[in-house]
Amino acid sequence: LRQGIAEVIYGAGKTTEQIAGISEAMLKAGQKNILITRLDKEKAEILSQTLPLHYDEMSRIGYLGELPEPDGTGTVLVATGGTSDMPVAEEAALTAEVLGNHVDRLYDVGVAGLHRLLAHLDEIMSAYVIVAVAGMEGALASVIGGLADCPVIAVPTSVGYGASFGGLSALLSMLNSCASGVSVVNIDNGFGAGYLASMINHMGGHK
Amino acid sequence: LRQGIAEVIYGAGKTTEQIAGISEAMLKAGQKNILITRLDKEKAEILSQTLPLHYDEMSRIGYLGELPEPDGTGTVLVATGGTSDMPVAEEAALTAEVLGNHVDRLYDVGVAGLHRLLAHLDEIMSAYVIVAVAGMEGALASVIGGLADCPVIAVPTSVGYGASFGGLSALLSMLNSCASGVSVVNIDNGFGAGYLASMINHMGGHK
Amino acid sequence: LRQGIAEVIYGAGKTTEQIAGISEAMLKAGQKNILITRLDKEKAEILSQTLPLHYDEMSRIGYLGELPEPDGTGTVLVATGGTSDMPVAEEAALTAEVLGNHVDRLYDVGVAGLHRLLAHLDEIMSAYVIVAVAGMEGALASVIGGLADCPVIAVPTSVGYGASFGGLSALLSMLNSCASGVSVVNIDNGFGAGYLASMINHMGGHK
Amino acid sequence: LRQGIAEVIYGAGKTTEQIAGISEAMLKAGQKNILITRLDKEKAEILSQTLPLHYDEMSRIGYLGELPEPDGTGTVLVATGGTSDMPVAEEAALTAEVLGNHVDRLYDVGVAGLHRLLAHLDEIMSAYVIVAVAGMEGALASVIGGLADCPVIAVPTSVGYGASFGGLSALLSMLNSCASGVSVVNIDNGFGAGYLASMINHMGGHK
Amino acid sequence: LRQGIAEVIYGAGKTTEQIAGISEAMLKAGQKNILITRLDKEKAEILSQTLPLHYDEMSRIGYLGELPEPDGTGTVLVATGGTSDMPVAEEAALTAEVLGNHVDRLYDVGVAGLHRLLAHLDEIMSAYVIVAVAGMEGALASVIGGLADCPVIAVPTSVGYGASFGGLSALLSMLNSCASGVSVVNIDNGFGAGYLASMINHMGGHK
Amino acid sequence: LRQGIAEVIYGAGKTTEQIAGISEAMLKAGQKNILITRLDKEKAEILSQTLPLHYDEMSRIGYLGELPEPDGTGTVLVATGGTSDMPVAEEAALTAEVLGNHVDRLYDVGVAGLHRLLAHLDEIMSAYVIVAVAGMEGALASVIGGLADCPVIAVPTSVGYGASFGGLSALLSMLNSCASGVSVVNIDNGFGAGYLASMINHMGGHK
Amino acid sequence: LRQGIAEVIYGAGKTTEQIAGISEAMLKAGQKNILITRLDKEKAEILSQTLPLHYDEMSRIGYLGELPEPDGTGTVLVATGGTSDMPVAEEAALTAEVLGNHVDRLYDVGVAGLHRLLAHLDEIMSAYVIVAVAGMEGALASVIGGLADCPVIAVPTSVGYGASFGGLSALLSMLNSCASGVSVVNIDNGFGAGYLASMINHMGGHK
Amino acid sequence: LRQGIAEVIYGAGKTTEQIAGISEAMLKAGQKNILITRLDKEKAEILSQTLPLHYDEMSRIGYLGELPEPDGTGTVLVATGGTSDMPVAEEAALTAEVLGNHVDRLYDVGVAGLHRLLAHLDEIMSAYVIVAVAGMEGALASVIGGLADCPVIAVPTSVGYGASFGGLSALLSMLNSCASGVSVVNIDNGFGAGYLASMINHMGGHK
């Protein structure tokens, strides 16, 4: 697996023509799986006419080729605080799936309703690497980080209003996590979290 | 109980003479309990020579008179995320005690070690009002707010380093709490939280 | 009264289908009063076709069931600095009404016209708990907090322009209030204030 | 009266020698009243040995020459929210006095204790120009601005802690004042407020 | 002249009906000049059908009644750094004119082209009070403040891009002005500056 | 390996007595390696008198017991932009060593002197996990992240002045890294980075 | 070459009529090359009907007259981190070309893919002045600044999301650059960078 | 002239031993002029005992070797707004002198006293490159940038109080300068400005 330069296209701010051109060049070069992030529905529809594109509206992810068989060491768990965090979580989850990981989803388990989180303790304890996605107070990363012994990749989201200041509140909260093993990526950067989770999950090599 | 103007002296930035003067006038006016916050140890020692001052070094609180018998409706629970939050927590706890409340302390139960918090679930569930004191990621308020059905007064602290930005991280986190029944006071404002807790605990009147 | 998880639906970012689904499940489970916050007019109109929804356009609150008889201890007073703060104030007021409180409204009594505020001194003095809603300089919470002896829940609003920075000015102002008994919720969080006011107003139990 | 370049020395960051040099040159040039702001006590003591310096410790203002007879149109009222704002207020008051104004002081009349402010309504109503000095929530400027019909110069102070962020809270609050006739100077800039107050009070000329 | 409460309507966020209602009540009460700020063109057109409204599109100011004869002491000079600052400047200028002031305009004299400013030195020196309107680096207030001996009311504008941060850059710059006699109002608050300028210009009374 | 709760003591804000007490209890409980972070030199000297403490002045890390044989999968590379970042880097490196990792150091290879970095390309390419420590512009994490295929843990430092704003500049820069596989911990949090690096390096188990 | 006052029109916020008027006056005054920045496509189309306008959509630059023969000392190199930075880069490049410079473009050479940058080392080393345009982490300026011996003008862009905060991240990063010879202009200010680059490239005079 | 890596030592945070070691190695390698910035007086005194160090207390610059004959194209003009900006200005000036430039100083010519600046118009017009150093409102860069036709390197300083926020006000102001040819370096970065000024002044080669 090379640095993602070849296989991942950041769709934001690229025209349909640019994306099609890059994709075709990659396919010609023998690339099998191509991940396109931040892809608008309209562009996806146009690309679908000429390319074998799968498109997921919630995460705004498109990919060319079939989802590979998972060949990582363990399971990547993607958890969210609320339902509004799902687009970012799905960006992480689908990224990890396209990169060959088995992914478990645990959505809407925010810390204000701890029982929902604790009801899934076994999934948390058995995950190989966890992506914790949350906006507003962002406490999910700390709580999960305190429970699990594996790396926790925290993704602050811009979900919220008022003093969430576009994700700043969750970002600061996650950076200040008192739990060990927690690190943070950019606000709304589901892709970055999914990619890193996959990298950790494949450090023993692709099976 | 009147607006605290009479009985509470904010010691910060006042000279020993000023504090002594105000206190003596109050005592003469028949006041029995006087609370002095943000009182330096040095000033406390000087005041002790002429006034019946009790002084607590950790909270930097001094009070004149004896601690009253608790006469509120229930128990005020003061919880902290870490040990470093204790000075602020004690400011809240002692304030509440001087104002006639029974206070329970639950310190160092930060969300990164959830079992410590859950081990005290009964204290949380039976409290009448809770003061949640935490720095860094400030997640304690949300977790407690989600567990308890009573008002939770969140106090962000300036404890931490780096991206805690002097308490800003905890403050934003607490303001964004997804748990209902949570409200917030100023960073390090243990007094304000203790005062409000006492107010709520006495709304049925002083017994 | 349980933690609001069951009875309150945060409508922002939920589809009409999702809201209808959750509501119907709640109703089937025997829930009588359901509060839906941040509900767009369009969604409300669709929901009205299949559900007994009352909808208030200003506060963007919908509720299923009839407004209950007020059964709290006293009166919840909701005050605003200006007329533009009314949507947030109504979110607080209606939330409190749906949760069984008698609510008084005192709108447009900002501190720049103190006489209007002072003309209602008796309402302020006789309230059991006060929600103070203000944008821009947010001074209302301090002034009311200084007059009243009951808990004051301050709600900063994003009303204003320039250096109000989306509610930051009012938020900071309210957090720094010199009046005791004042606590703060998130910018524009009328729901949170109304919920907490109701909680305090029902601490002696529902009559 | 020229732009203050000649008669005012900003003492911060200047050595005793520099201040003495500038002062002597001014005196030689016929200047009668020289105002030195932000002057440390130690420097003041050294300067006193060779120059006819009056020094006020609280405001850190020194002046050479005698206080002039007030020759402005009316009275400059300097009000503060708390006692800790007094150094900044005195910088304003003494500046105005040295520049030939009659000054009234109204200290510790913060809005959390509105009765103290209202007890002095006549002084507020009869002032010609008002300097309102306050830290923390800075509401004083709005309340006074709403009561009085004259220009109100608001001075935010760095007094406070936590979310006062070094005066930012009071500054934003004052800039967002809903009362007309209010303008703002830099945090802790008592000099600037006193100077402008004097300018307005002398617009009809020095009597 | 009373506190502007009666004669000025802040149009932002008010419906056409509300504005019409308030206006008619005022007219009935004998008010001759009514100023409506932040009035959208569409609302103005509707109001014109039933009220004798004059409307200025650039400043978004409407007024009822005729412009009064100027009866202030001197001239109010309104200056801007660029042409994009003109809407805010006109809000100040028209406000002052409706309130009975003679107004001079000096637009697009930003400090990057100092000769344009210096070419109008006599207007600057002879003004009775100056409103300095500028975005981006906001240096205009300092330069004019250094030249003139009269009060300078600085209005930062949100004109600019990038690190102007919606007017923050100009605001901070103006607050830090080294020139004496300068005070600041909120970003884009042309009305506040015009009102204060008029107040100062009428301190000797309306002629 | 459990969540570090047992084996790691955060020394900041703890008294020598508290640290000694916790350490002795841990030793008695059979713990062999105890890591104490943020330990002042003075406290370390006192602790050394009764405990078998090794102390490193630069990183302010103390540990009880002997450094274990490295038993992780590969090498942890710790790189810094400048020499001033070394205290934070050593906190990371020593943490990793105490937790059983082979650590390589690559200091002062900031991107302004790219040749120094490129001269060590083989160490970068062969590392199993990299900790990139940098203040000021924080570009090191991006450059290393672009070169290496392994996880890069970025640690912003508070080194710098002016617009580095206490590490904010490096923090934001690292969060915005365009290189995949990069995640970020709190400003100056060398411990957190070293702990996470060790966790990743031991995911195949301790050999 | 005079201060650009005459030859450059800042199109943002100017009407088509205003731009046409200024242009015609300039042409009449003998001006040959006129640069119009921030010109919308719609306005450009209208202007084209009466003026010999060349318009570039990406940079939103229009110019009247023919591109002059380059007469500067050397080559201006414009480099970007990503493709999304191209509009800003083209604003710089076209500005420089209109002002008489030979411009080389080196786009999408961000530091996360260092090999692409290093593949063009000779162009970097032989440039006379370099404009480095980058958003997000803004590391490009430091890396290029470390490689080249000529002045590097860094232009942060608002490209990015989340913690890029509208260009703040890149701005701070560039200001903190450890490489010597780097200076910074406003976020997205391609014009300013191109103008300064041209100024430096013509300091020996126009050939 | 190579990238300054060899000849310049950034003294902040380096021990006397480290500085001495690096210096001796450089001297041995044949280096004649070595510049040491941010050098404390105490360290300078120790270094003087073994090395031929010249030390300037105000700028905290030390250099080894003799000041070279100026061999640049023209004059580097260093200007400041106030006297408090002089340490930063001298860091720039001495850096430029050590690097072989003729330097003119124009101190305390802040824009609040424009006549002082205009009195030196010829020096401004004849400079080859200008370093404009100012704190507080930072308007100096814009005014000079508008007057001069040469590159202006703006250095914001941390001089000021209150809303100067450690140099942020001047920094933003300078970045937003409406004058063309102005670029900005970090707050208090006199060295960076002096280095870049020298680079521009030597682009025709060292004579």
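In order of appearance the chains are A, B, C, D, E, F, G and H, and numbering begins at 1 in each one.
What we mean here is this: a residue touches a chain if its C-beta (ideal position, glycine included) is under 8 Å from a C-beta of that chain, and two chains touch if they have at least 3 such contacts.
Bear in mind that the values here come from a model prediction, so they are computed numbers and not experimental data.
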Minimum number of chain-to-chain touching steps separating chain C from chain D: 1
Rotational angle, Cα trace of chain C fitted to chain H, multiple of 5°: 180
Same-interface partner of D-H, chosen from the options F-H, C-D or E-H, over half of the pairs matching: F-H
Most distant chain from chain E by Cα centroid: F
Whole-Å gap between the CA centroids of chain E and chain G: 36
Distance between the centres, which are taken as Cα means, of chain H and chain G, whole angstrom: 26
Between chain F and chain E, distance of the C-alpha-averaged centres to the nearest whole Å: 57
Geometric centre distance via CA averages, chain E-chain A, whole Å: 51
Per-residue multi-chain contacts in chain B, two or more chains: 3, 112-113, 146, 162-164, 168, 171, 175-176, 179-180, 186-187
Interchain contacts (touch definition) - all pairs: A-B, A-C, A-F, A-G, B-C, B-D, B-F, C-D, C-E, D-E, D-H, E-G, E-H, F-G, F-H, G-H
Of all residues in chain B, those that touch chain F in their complex: 83-84, 112-113, 159, 161-164
Residues of chain H that touch chain F when the two form their complex: 3, 5, 12-14, 18, 156, 158, 166-168, 171, 186-189
Contacting residues of chain A [partner chain B, same complex]: 81-82, 110-114, 135-139, 142-143, 145-147, 160, 162-165, 168-170, 172-180
Sites on chain H touched by chain G in the complex: 1-4, 8, 73, 128, 146, 149-151, 153, 171, 175-176, 179-187, 192-193, 195-196, 199-200, 203-204
